[in-house]
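In the two complexes that follow, chain A is the common piece, with chain B as its partner first and chain C second.
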Partner chain A sequence: MEQRHLKGYLYLLPAVLFLGVFLVYPLFDVVTYSFEEGYNFASQTYRGIGLYNYRYVLRDPYFLQALKNTLLLVIITVPLSTGLALVISVALHSITVLKDFFQTIFFLPYVTNTLAVGLVFMILFARTPYSDGLMNLLLGIFGIAPIDFIEGPYAAKLFVLSFYTIWIVLPFKILILTSALAGVDENLIKAARIDGTGPMRIFFKITLPMISPMIFYLVITGFIGAFKAYSDAVAIFGVNLNAAGMNTIVGYVYDMLYGDSGGFPSYASAAAILLFLIVLTITLINLLASRGRVRSN
Partner chain B sequence: MDRIVTKTPVSTRVLHILAWILLIVWGLLVLFPFYWMLLTSLKGYGAYNAEYVPRFYTLSPTLENYATAFTAVPLARYFVNTLVFTVVTTGLMLIVITLSAFAFARLSFPGRDLVFLLFLSLMMIPGELVVITNFVTITDLGLRNSFTGLILPSVTSVFYIYLLKENFEQVPDTLYYAAKVDGTPDLVYLFKVLCPICRPTLVTVTILKAIECWNSYVWPRLITDNARYFLVSVGIQEIRENGFGRENIPAMMAAVVVISLPLIVIFIVFRKKIMAGVARGGLKG
Partner chain C sequence: MKVIFEHVTKKFPGRGKNKDEVIAVDDFDFEIPDGKLIGLLGPSGCGKSTALNLICGLLSPTNGRILFGEEDVTAIPPERRGVGMVFQNYALYPHLTVEQNIIFPLQNLKGAERLSKKEMHDKAVEVAGLVQIDALMDRRPSELSGGQQQRVAIARALVKLPRVLLLDEPLSNLDARLRLQTREEIRRIQTRTGVTTIFVTHDQEEAMSISDLIVVMKDGRVHQIGRPQEVYDDPADLFVAQFLGTPPINVFDGRIENGSLYIGEEAVLAWETVLPEGENKETAGTAPASDKPIPVTVAIRPEGFVVDPAGPLTCALDAVEVMGRDVSVVCRHPKLTSAPQIRAVIDADEQPDSAREQVRFSLKPHKVLLFDPESGERLRTGW
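This part shows the complex of A and B:
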């Protein structure tokens, strides 16, 4: 009997070991780091315990810039990508021929390497001495003067980043929403149609409420994902995001940790915990706001 | 009655046309970057830089950029590194999660359900929070710029343990008891009976993990600064910053094509499995 119990723990041992060392211990450790003032990476010593790291981060212009970039990115991309995914999914649901074909194409960005494909976006939008680039060629048709989207005005840079982010996150949202739409009871819609209900009314009164839990799920995961934006920005603007003025909170954490500006795990920890608190707050607000509005089940 | 059902009002027809336009436009927007990277990678260096107005086609495609991509930068090494990293990480993870899922699904020991609940709660921990300490841990162990350092933190996944456990539980108990009566050891039963039955789930997990490994960027970037250990994501960024020189865009695009190709092939072959797997709860980023 004793031995049988031991066996269960033995099977779990590798997972417990890895999770313990690389997930549970770091969780507590990062909190400790964030309160250790004047931590020295080389000698692994610190001066005292307190809130200095948080004060430092909150006053750091790079952090404030990263916070602003991230917030704007969240505000722009979450509603746009969710809305666009909804419209595309409804369109996809309404056709019968080529449905599989479109579904496959739409999913393609999900499996691509963010860093590699980001370079293509960079080239499409960049303006170099050799060429104004494809995007400016298109804008020129409408009589708009060439803009450098990669190293130019802030709004242009934010536009490219938002565009690429939406391009990257849409496949997942379309996939989730098309499967949600496929799960809506066809009989309800047929019955409404026989009663003479118009397609718009059917959509807003039947379909939308039926898939609202999935939309809500996408909004929450969308917020969390957008707050953690980083790789997409690196792909477009390069490794030195602070110089480009396009850093994100996660980027700030990594820059504090490593690289030319790195070696400050305490500041990195404080910033990471601030990010975590922001995400937690937003998620809780979302949960409260959705209460009663979303059909449960 | 029949007349009412089959009649399509004008508004419905307009909506239908709008739906098609939207699908085609978004389809083109998705495909265009892929077309552009392939096209640019086939343009000659001189020809590309002579185009002040970019052209949508090329009449003299060349493979010279691919030769440059493999000779001027260690692209082949990045490629092999990523392959090794992906295969070893995915393989180790499969062993770890299979053992755990089996323990949770089939073995009985005190506190099993509590431990499983604790495991599930670990899914809420954001990776960004723990990466700081992991970076310090791996640095202190002297494992920077090594495959061990790259691989170790990502060989466990609570979500996949959960997925596999659910699947294991669907296999009838009688099979297990029959194996026990025959004197089959648990490990043999697990790998010879249970795993083959649950192969579809294992395949899905393998593909999703392999894609994740192939695309991983943050951890490899933190833990490697020696080009001998670069994975493709870090490699392509390195190529961009100081590879062929900033203006050799065609060679850069050739590298991008080489890096993207394995994923696109895997996606085309396993597209049904990948999409079903992601719909069940795979999350990017």
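This part shows the complex of A and C:
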């Protein structure tokens, strides 16, 4: 091997070492745990090997509830947040006055602590013995009866969680899309205008295809991010998510490990592997669906 | 379609530290005749691209009107002006094929003008044939060479039969050989289609070689409009004289005294009449008789020198560059102001002895131009 190759590998070593110990090894470990029945951390023992953990998890109503919550969250928030981010970015891109001001405003949630924001959301939506919360106050103006968003019907809770998730992921998407829009060659738009193209056609036939790689990137990372949701739910509904019926898959994994019903690394591992398989499938579908539609450079 | 500028001015507001507003186009007032190829020529920053953008409507003038024929288009947005434009970087849509790029403008047609798919395809094929890219219809722009991309851009601009075709620095992204070829091509396409074509360039050779008419600009002002040869032979001022021609014109400090034109101590040409334009004939006419010398700027085209052992203009000889057909004599003269060296182009047969230290020239009178040293205005001479 040449000297310079050796040097290259030497430089890679620290990263490879750390990634190997803290990422790759645990990954394989989780796969092993998921097949070991009744694994016990303390005694390092297990009863047998098989698919029992998967069977258990897939029959656990809490897991099924978490799966349903997560899937609904993904389906609602990813398209809505991406679409909303696109609309806001295009609007930001087209204004000149106060552009920086609005950009800052839209970016603020990104630098705000998730849990703090969750708390604020809870206060906005929660009903207490003394008040119905600000949101209900607003709804009251339109003659809508107060709704308990935090402890009430499932749809209301899902609404709050989706609202919150969209709000928290929006800034990053806006950031990415505004820079993508700024990167579109101004001359293409000018050429299209001179060729007699209306604004809608310019947007759908020129601008959108030009920024499609970025939209695709946001959809993929959006899916992955939404599947991994957990802290958002905790911030609004508290730590006992199973009781609230608002658990997510990651929340379920956490509960299985450390929660009140915790101490079951095997179940946690199986649930984690199931999540991994779901995310992998969805990402592959995304990749296949985008082929030919997303402009490649 | 005639394009008429009526006292058009375009100012850009100052920004940041440069508070002064910039006048990119200063009182343009001229007419571009129908069906001709016109070159807007000037150094960079002279406002020629601004002028082009005013015609296509991407910019609107601060003052004045722009007319296409009889129609005032000043307030009409670019979408509805019916112009075709080729951008400097071509601005082809990278995600569309060549054919899709070319039919893009046709897909915008509405109502009675709407075309069927077949008609669009036929038109695209026709115009692609005109610019000789019909074999590349299914490629994407990234798979084309610079020259091919440019042809696609021209085809896209031509396909909807524009009233005016605009080309922004059309040759600047091409290599030297392709540039020569493409400029012939532009000429040919213009002649074939008869579309009024306006192109912008900073390359005087490019503008001279293919234009019916050139508009020489500097700092937002039109200095001269005319046929290329006319402008070259008879420049309105020193800027135009210096901007046109390769090698550039040689400029000297000179004076008119005792009925002769002097460069330094040598009387290089007998003088008959010098008459600054618009100046009183009597005062100007009497000047040579007086012993008071009149300072003038003397500009001599490279081809205005004739090697003549008895010639009046003596220069220190630096080099003789043989180019085959003709010869460049590189020499120096203390009164030369335009460059460190004089470049004279002479016939290969008249080659001076390059071993000599001096070379003497006589001058061809019609290649010697006089200018006012203050204003740079042309002084019309009678020789």
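Keep this in mind: the second predicted complex is superposed on the first by the 280 of 297 C-alpha atoms of A that agree within 3 Å, B and C clash if a C-alpha of one lies under 4 Å from a C-alpha of the other, contacts with A are read in each partner's own complex, and residues count from 1 in each chain.
Operating definition for what follows: contacts are C-beta pairs under 8 Å (C-beta built on N, C-alpha and C of every residue); 3 or more make two chains touch, one makes a residue touch a chain.
Worth saying up front: this structure is predicted, and the values here are computed from it rather than measured.
When the two complexes are superposed, the chain touching more residues of chain A, out of chain B and chain C, is B.
Applying the stated contact rule after C-alpha superposition, one finds that A:Arg291 touches neither chain B nor chain C.
Using the contact criterion defined above for the overlaid structures, shared-chain residue A:Arg193 touches chain B and also reaches chain C.
In the superposition on chain A, A:Asp185 contacts chain C only, with no contact to chain B. Of the two partner chains placed around the shared chain by superposition, chain B is the only one that A:Val169 touches, whereas chain C remains out of contact.
By the touch criterion defined above, A:Arg59 lies against neither chain B nor chain C after alignment on the C-alpha atoms of chain A. Taken together, the two complexes place residues 193-194, 196, 198 of chain A in contact with chain B and also with chain C. On the chain B side of its complex with chain A, the touching residues are 4-5, 9, 11-12, 15-16, 18-20, 22-23, 26-27, 29-31, 33-34, 36-37, 40, 49, 51-54, 95-97, 99-100, 102-104, 107-110, 112, 115, 119, 122, 125-126, 128-137, 152-153, 155-156, 158, 161, 186, 211, 214-215, 217-218, 221-222, 232-233, 236-237, 240-241, 247, 249, 252-253, 255-256, 259-260, 263-264, 266-267, 271, 274-275, 278-279, 283-285.
Interface residues of chain A, counted against chain B in their complex, comprise 4-9, 11-12, 14-15, 18-19, 21-27, 29-30, 33, 87-88, 90-92, 94-95, 102-117, 119-121, 123-124, 128, 130-134, 137, 167-169, 172, 175-176, 179, 193-194, 196, 198-200, 221, 225, 228-231, 234-235, 238-239, 250, 253-254, 257-258, 265, 268-269, 272-273, 275-276, 279.
Residue ranges on chain C touching chain A, taken from their complex, read 56-58, 77-85, 87, 89, 91, 93-95, 104-105, 107-109, 156, 160.
Across the complex, chain C is touched by residues 185, 187-188, 190-198, 201, 205-206, 209-210, 295 of chain A.
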